[in-house]
Each structure stands twice: as C-alpha cells, then as structure tokens.
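Structure, as structure tokens:
As written, the chains take the letters A, B and C, and residue 1 is the first residue of each chain.
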Amino acid sequence: MNTETTNIASSNKMTTRNVDVFYGEKQAINGVSIDIDMENVTAFIGPSGCGKSTFLRTMNRMNDTIPSCRVTGEITLDGEDIYAPSMDVVQLRARVGMVFQKPNPFPKSIYDNIAYGPRIHGLASGKDELDQIVEKSLQRAGLWNEVKDRLNESGTALSGGQQQRLCIARAIAVDPEVILMDEPCSALDPIATAKIEELIHELRGKYAIVIVTHNMQQAARVSQRTAFFHLGTMVEYGDTSEMFTNPQEERTRDYITGRYG
Amino acid sequence: MTGPAILLLLLGLGLISWIFGRAKANRFITTGSKNLNSLPNYHGWYTALWAIVPALIFVAIWSSVSPALVTDSVLSNPAAAELTDNGFQRGAILSEARAIANNPGQKAFNPEAEQLAPLYAQAQSYYDIVGTLAVILLCFAGAAYAFIRIRPDFRARKRVEQVVMIVLLMASLIAIIATIGIVASLIFESARFFGMISPIDFFFGTEWNPKNTSVAGDGEDFGAIPLFWGTIFIGAIIAMAIAIPFGLMSAVYLTQYARPNVRKWMKPILEVLAGVPTVVYGYFAALTVAPALRDFAAAIGISNATSESALAAGLVMGVMIIPFVSSMADDSIAAVPSSMRDGSLAMGATKSETIKKVLIPAALPGVVGGVLLAVSRAIGETMIVVMAAGLAANLTANPFASVTTVTTQIVQLLTGDSDFNSPKVLAAFALGLTLFVVTLLLNLVALHIVKRYREAYE
Amino acid sequence: MNNPASPASSETAMIGSRSTDWHGEAMQKRIARRYAAERRFKYLGLSAIVISSLFLAFLLFVMIGNGIKGFSTTQVAVPIDFASATGGASPDQIRGEDAERALNSLDISGIVNTAIEIEYGADAADIFTENSWTDVRDALLSNPDMIGENTTVWLTAKSEIDRAAKDDTDEKFEALYAKLKDAGKAQSGFNWGFLTGADGTDPARVGIWGALKGSIITMLVTLALAFPVGVLAAVYLEEYAPSNRITDFIEVSINNLAAVPSIIFGLLGLVVFLSWLELPRSSALVGGLVLALMTMPVIVIAGRNSIKSVPPSIREAALGVGASPVQVVFHHVLPLALPGIMTGTIIGMARALGETAPLLMIGMRAFLTSPPQGLTDPSTVLPVQIYLWSDEVNRGFVEKTSAAIIVLLIFLLTMNAFAIYLRNRFETRW
C-alpha cells in the first residue's frame, strides 16, 4: 500500500505555515502549521466552532466566496503557494476536491453529476472517454453496481449515503490530488457511514485525504494522522494511534476523554 | 331622518350604552360582591353591540323596503287612481314625483307628477318617522336587554369575542364575494352576448369589425382571433423577448455579482421602475418610443410602418415587466440551496459556469412560474396598449404594423355610448371573460409550479 | 494494489494517473477562454441592469424635460380703464357675498374684450382665448379696489403664444410673441392656475386640482374600505381560520384577486355597482369601491406575511398569562405586525393611485371643468386626466400631460419612499 506514492516527489502534498484566518476583525484561525501527505488520511478533530471546517475551506480557497474573509500565512500545494496571484483558483479547486457535510448532488442526472467536472475542465476528448471517466469514478466510489442501470435518473433521487458517495465520485472525476471532506458522514445513518469510511480506506494512498469530523471514533477508525483544534488554534498534531492513547497536551486529553466538546 | 343622521344617532346611543354597561359592571367591583368574570370594558361593549347591531340590521332592511311602502301608499290614494296603466309611463311619472318630493322647487315635466309630489312627500315623512321611531325603540330594547344581563358571573367577553370572530369572518368573505361578483357579472353579460353571436364565430372568426347593431347573425364581424393574436404578439412575444433576458440577467447580476452596496442601490431603482404607473409608460410609448420606431422602420425601408406599432407597445411593456421578472428570478435563485453553489465552485467551476449550469437549471421551475405570472400580467395590461398599440385588428407578424389587443378593444367598446343591449358593448364582456379565464389559468399553473419548486428545496 | 472496488482502474488512463497537465499550454488556453466567458457573462448582467436603469432615467428625463414647461405660463398685458368702462362702479359693490353677481352685471367680459380689441386689434384672437377675461374677474374678486383704477392687467395668453415663448412652434406665433416681448407686453411666470384649476379646452388654462382632488377623495374611499377589511381578513386567515373548504376558497380567491388584470375590476364595477346597484356613474364613490377591491388582496397578503413573522413565542407568552385568543391578537400580535401591514398598505395605495383602466370602465373620464365636491359627484382622477390629455390633438397639452405625470410621480415616489423607510425602520429580525 505504501508503494503507491512513487509519482510524487515530496511526500508532503500540502503544507501550511502560520495560517491566520480573519472574518472582518474577528480572528477565526491562529497560526496553524500542518503537513498533509499522500500516504495517510489526516483527520481534524475538535469541539464545534473550533475552526476546523474554516481551516479546511482555506485549503481549496472556498472561503473566497465569503467577502469578509482574509487569510495570511502560507498554504502550498506541491510547493506552490495557493494564494499566490499566479495560482488559478479554478484549477486549484480541480486539484483539491471537496466533499461537504450535507450531500449536495446537483439536480441533474447521475451521469451529468459526475460528468460536470470533466466537462467544465475539458478533461474528456469525446463521449466515449467521458463515459469511461463516469464509470471509473463511480466504480472507485463504490457506487457503480448500484446505479449503473439508472445513470439518467436524478442524483437527488438516491439515498443519503448514495448521494454522498455520488459527491465523492463527482470529486474523483476531475482527478484531484487532494480530497477535503467536511464532516462527510454527519448527515448519514450508521450503515451509510460505514460505507463511506470503507471508501475512505480504499481511496487512501491514491489521494491525499483530509477529513474533518466531530466523531472521535471515526477519526480513530479512518485516519492515520490527527490534528486537534481548539479555539482557532491547532493544539496537537501527530499519529492517530499516539494521539488517542497518549496525548501530549492537557486539552487534548480532556477532549478525548470527554470532558468537553 | 337621513341616513347619516340615523347612523350618528345610533353611534351616540351606542356610546351611552357602553358607558352605562361599563358603569354597572364597575359597580360590582367597588361593592366587591364577587369576582367579575369579564373586565368592565367588555360589559360596555356587550351593551353597545346589543344597542347598535339589531338597529343597524333594521335600518338596512327598512331602507330597502320603505320605498316600496311609500309607493304603495301613494298609489292607494284616490289621486293616483287616474294614472295611466302603461307601466313605463307610470314608472316615469312616479319616479319624477319622487324626485320633486325630495327636491322641492324642481320643475315638473308631467303635470301628474306635480300632483303626486305632495302625496309622496307626505308618505315619505310618515314612513320616515315610523322608521326612526322603530330604530330608536330597537336600540333601547337591545341596550336594556343587555343591561339586565350584566352580572358579575356573566361572560361578556366571550360574547363580544364571538362578535369579533363573526366580523373577521365577514371581512374574509368579501374576497369570495368579489370573486363571485367578477365571475357572475362576466358570465351574465357574456351569456347575453353569446345569445346574439355564436361562440364559434367569436372564438374562431378572423374578422373583427363590431358595429353598434343589435341584429343577430352579425357573427362574421365579431371574430376575435386578431385580438387574441395581437395580445399574444405584444404581451407574450415582444414584451417577454425584452423582459426575460433583461430581468433574468439583472437578477443574476444582483444576486451573484453585485457588491452589497451596489445591490442596496439597484434594487430600489428596479422597484421604482415597477412602481411607475402604466399610464405613464403608455404616454412614453406613444410620445417617444413609437415615433422613434416609425422613423427607424422608415429608415430601414419598411414601407407600411405606423406610429402605433406592436413593437412600441411590446417594447415598453417589456421594460415595465423587467422588475417583475427580475424579482421572481431573484427569489427563485435565492431559494437554491447554497450547497449547490458551493458544490459547483468546489469542483473548480467559474462563477458563470456555476450560474449557467447549476443555479439556473435548479431555479428553472421557479423562473418558469415567474415568467408565466409575467405573461399573465402583460396580457392583462391595458393602458400601454390602449395608448400605443392602436385599434386596427390586423392579423400580422410584422412588429412595425399596428395590431390591437383584447384590453384595448374592451376599453374601446365600453367608452362612448353604452347601450347595454347591443352586441358591440356586450362583446367587451365576452372578451373580459376570456381574459379572466386565461389569466386565471396562467396564475394557477404558475403558482402550482412555484409552490412545488419551493417544496422541493424545503 | 489493494482496491477491490475498482478492479479496472489500472486500465484507465485518466483516473488516478495524474495525467492531467494543469500547466500545459492547451489547459492554459482553455482557462483563459473560460475566464473570458466569465467576464462576458458578468458584463452581460451589468449591462442588463444599466440598460434598465437608463430606460428609467430616459423616461424621467423626457417627462421632466417636457413637463417642467407646463409649470410656467405666459401672460400678456392689457391696459383697462375700469373707472370709465364700468361707469364709475365702486369697490364696495363687488365686495361680500354678492360680488360675483355684481361683477356679472358689470359685463366684465365685454369690458375686457373691448380693451383687448383696442390694444391688439386683429391679433387679439391669436393672443387670447374667449376665456381670458376670467383672469380679470378673479383679480377683481381678490382686489376690489382695482375697479376704480385705470390699470394694466396681465392675462394668460393662448397656448400657442405660451408655446412660442418656450420653444419653436409655427412662425406666425413666434413673430407675434417676439413683437409682444419687444414691446414689453409679455411676461412669464409660475403657472399657479395649473395647480389650482381643473380641466379645460385651452391647454394654457387647464389645471390638475380637479383631478387631484378626485384622486384624493377616491383614495380616501379606497383606504377606508380596503384597510379595515384587509387587516381583519388577514388576522382571520392567519390566526383563526379552521382548515376547511371555505378557508381554502377564501385563500384561492385572495391570491387570484391579486393577479386579476385591473381592467376586469372595471368590468365588475360597471356591471355590479353601476348597472345592478345603480350607484352614481363617474363618481369617486364607485371608483373607490373598485380600487378597494383591487387593493384589499394586496393588504391581506402583506398583512398575513407580517402577522406570520411575529414569533409564536409572543403568542404563547400572552396565552400563558391567561389572555384570550382575541386579546392575544389585538393586544400583542397586531401592534407588532402593524409596520409591515402599513408598508403593504402604502404600496397597495400607491398602485391604486396610479391605476387608470378600471376607472375608465366606470366612466371616470368625464370632461369636468370644476373639482368634485363630494363622494357622488362626477369625478376624474390624475392618471385618467393624464390619459385624457394625452389624447388631445392640441400640441400644448404635451407639456401639461408631462407636468401632470411629474405631479403623479412625485406622489407615488413619496409614498414608495415612505414605505421603504417604514420597512427599514421597523424591520425586526426575531
């Protein structure tokens, strides 16, 4: 499994250095430095309102849609500063995909949902190739067998868990390097959650994966690296197994043992 | 007594009853006998309502009955015995006598009327006194009945609130009455029209040339197809060709691109555009737009261009509808969950790709519903087409030619002499009924679509 | 490769192989093209807004440009020796109640016409209308002392002269005006008559007060009927109505009435109010009734939205201290909902004030040279007056029509601005 990273020069796919995020005057994130690599799934945990989702959104500049939001510090993708003027935000978001808390399939057919990204980015040269991308993306998201006979049905007609896997397939279809997942299972039932977690396992190594979750068991199950956020700062970052058995910081220990959160 | 005087009297008596009822209830408090069920005010209201409402009902009935009573008593008088048996003349004489009785000093046209006038005045004053006395009696009786019932444990509030509920219900029923009034009046007059002109001639004929005759069988002059075409041509084609792109793009720009302070200024400007009366648009169309278009048409070599063109009316109507389409589209786009937008942007789509490929398709049912409402408004619009579209019932697709519309013809047919029995005047009601039914259907379909669309995202 | 879910992935060129060259030339070109499309789309939206606003600006520009001239008038001097013409009438004669009758017996019109004849000879008919003498009558009524003097009075000139003073018209009147102007016999001033007069045949002498007063009376009738009924119906539907067929029917009726073309209300008025109930034709009463039926649904809908936005917690709090449902609504909900209801009412009234078509149907298009005195008098309203003047052949009516439009728009803008102010001032976010 660890041999899958051969085509990546550095093992650090994304790095952040001293990132601050402000909403107007209010500071939401304070000096976060973190490295994301290809081999491991990274989990961001912390009590709600701690800024983990905010931070995640800065990593593909989705926070650009909020006018009052300002980011300082450095975030790089393959060594390129993603906030540099030379970085094109449209391309960045194609390379750094995102899956949201609530499944948000477009009110289009399943096929068109998956084909949306490849179409706008011009990744397929013809109908056959597009068909292939759609099929492979759905296969990789573990949804192909369930939907292959009804690709023309609306994506919104699927169950919640299927919708979320559709959204993952949609993100995969543009061949991203990083996939950011913002509490992808919080709107799903336990069985659907288990399927998504299984999927994350399978995707590991092919994409750098960052998952925000408020569910510590989930972090323990799917991730190899965990970052604990509290009040806009990153308190601790390390191996998941280490973090959950032997946290270095008092606050982390309190959170993991359920004192607050 | 005159109507206002009686109302004033009743109001005064009601006030007195209110004061007395309240005072009686207040006494229970000061004597401290028992706990009062309702506040003294409610007892006052209860008494006042009993004083006024039965009397008012009597006034309403009396005012419709008493003229007949007066006439009867005049006719039973020997002086009226020689009156002619011709019903029409008789009615004319009687009504003239009544007019003289009410307005002494007026000259009589019929000598008999002059004779009858004093009788009328006499009978009227007699029944007037009877009525007034009855009103006052009823008023006192009601107040007394209520006054007696006031006791500490009497539930005055409940009774008053029941009356309030009835008043509320009646206010709501006025909407139904108005709807029934519209439907009844349109159907009634249209039925008379279709008794003279065959509906087939009306709905499928292509010659519109109504004349002021009451001869049946003139169906070939009442073919409304050119009117329907003109209405659709101006309201649903030309106006929408302006309003849909401009309205939709305005809404897209305002919701997706404009900075908040730009939005803050532009929305009221669009609202002002919507608040300008249609007669102003009509005048503008006739004064400025139509001549300009005629000159333009002449310049590009269209020979039969007139100053009353379909294009001028449709263009200005389209501008009038822009704010309406814009606000409907604005609402529809705003109702698309922001997660759709985020989902598309997170795929690396640009803003315009997101709008074109995700937001507008998702908002489409709402936008379509809004457009249907806009069409309904455009085809019912009157002043712009009356002032700018002309009266010639042409069946043409040339936008520089003059066409006429349903609403223009309704105005045309009903102004001037209105002999309510000629098919020319009654045709206006058949046109009105058609217009009503079409706009009603458009509205129902549109509201249904919009409602379904809202529910889909809730 | 430990990936049972996608056994075929190794065959695919695309997925997972990072074959997309984001920095390649083709991709850069594509990106540039997409951004160009983005800019085009954005400018398309901006131009839609700008063109719509420009249209409004152009409309206002044309109306103000034409209308501003309607507020000025041209007067021409006529010397009159009242003392000798009236044979020494004394000022006391034309004071008090009988002044008008006394003036009539003095044959003022004859005196004025003679004076005009003497001063201007053959040109008289081109400068003045047969009604010009009424200016003198009005002047004498307000200043009886003039009757004993030999003085010069300024009379409102004919519309053609007035227009010659303002812009180009035909050469004859241009020349005539130039002659008067050079002789110091013509002056321009604010047209008070336009604000105080009623309709007429000579555009130089028409006024809008008649129509404006008709509008005001009609609006009062509309408000008196539509506001209470609308608010009460809104309260009933939002707070008490049981869900049954009747309620459904009421709701459908109201939504439908709000969307029925206005001219249909005119037909209703014509048949029901004029033909069946025999109410007086052309009267402000019937106009107000028709407009009230149109305005009521607007108030009901605005009222319901406003009542709906009062949070349930307020109702529960009031019910909790033992208030009856009626007390809850009238003591707590309605006062909180009132600003929203007012906003809706003002917007509905503004729409009614600009309404023309239904009033044409009920005959409020009569030619009236004096303002209405009551509810049942024949009246007209401002928008109908605009429509009537717009149909006049005489070019002098163009500026009067536009001037009337300016007055109407001032009223409407004031009302709308007040509604927007109310909405912003009292808009509460619960």
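Throughout what follows, a contact is a pair of C-beta atoms (placed from the backbone, for glycine too) under 8 Å apart; a residue touches a chain by one contact, two chains touch by 3 or more.
Owing to the predicted nature of the structure, the values given are computational and were not obtained by experimental measurement.
Viewed as a contact network, the protein chains are fully connected, with every chain touching every other. In terms of C-beta pairs in contact, B-C outnumbers the other of A-C and B-C.
Chain A and chain B have Cα centroids lying 58 Å from one another. Centres computed as Cα averages put chain A at a distance of 59 Å from chain C. Centroids built from CA atoms put chain C at 18 Å from chain B. The multi-chain contact residues of chain A, meaning those touching 2 or more other chains, are 90-91, 94, 120-121, 174.
Across the assembly, chain C contributes residues 34-35 that each touch 2 or more other chains.
Those residues of chain B in touch with two or more other chains are numbered 350, 353. Taken in their complex, chain C has these residues touching chain A: 1-6, 8-9, 12, 14-20, 22, 27, 30-31, 34-35. Listed in rising order, the residues of chain B touching chain C in the complex are 157, 161, 164-165, 167-169, 171-176, 178-179, 181-182, 185-186, 188-189, 245-247, 249-250, 252-254, 256-258, 266, 268-273, 275-284, 286-288, 319, 322-323, 350-353, 355-356, 373, 376-377, 379-383, 386-387, 407, 410-411, 414-415, 420, 428-429, 432, 435-436, 439-440, 443-444, 447.
Per the touch definition, chain A reaches chain C in the complex via residues 1, 4, 7, 88, 90-91, 94-95, 120-124, 129, 132-133, 136-137, 139-142, 172-175, 177, 199, 202, 206. Put simply, chain A touches chain B in their complex at residues 60, 62, 65, 67, 90-94, 97-98, 100, 102, 104-108, 116-117, 120-121, 167, 170-171, 174. Against chain A, in their complex, chain B makes its touches with residues 259-260, 337, 339-350, 353, 357-358, 361-362.
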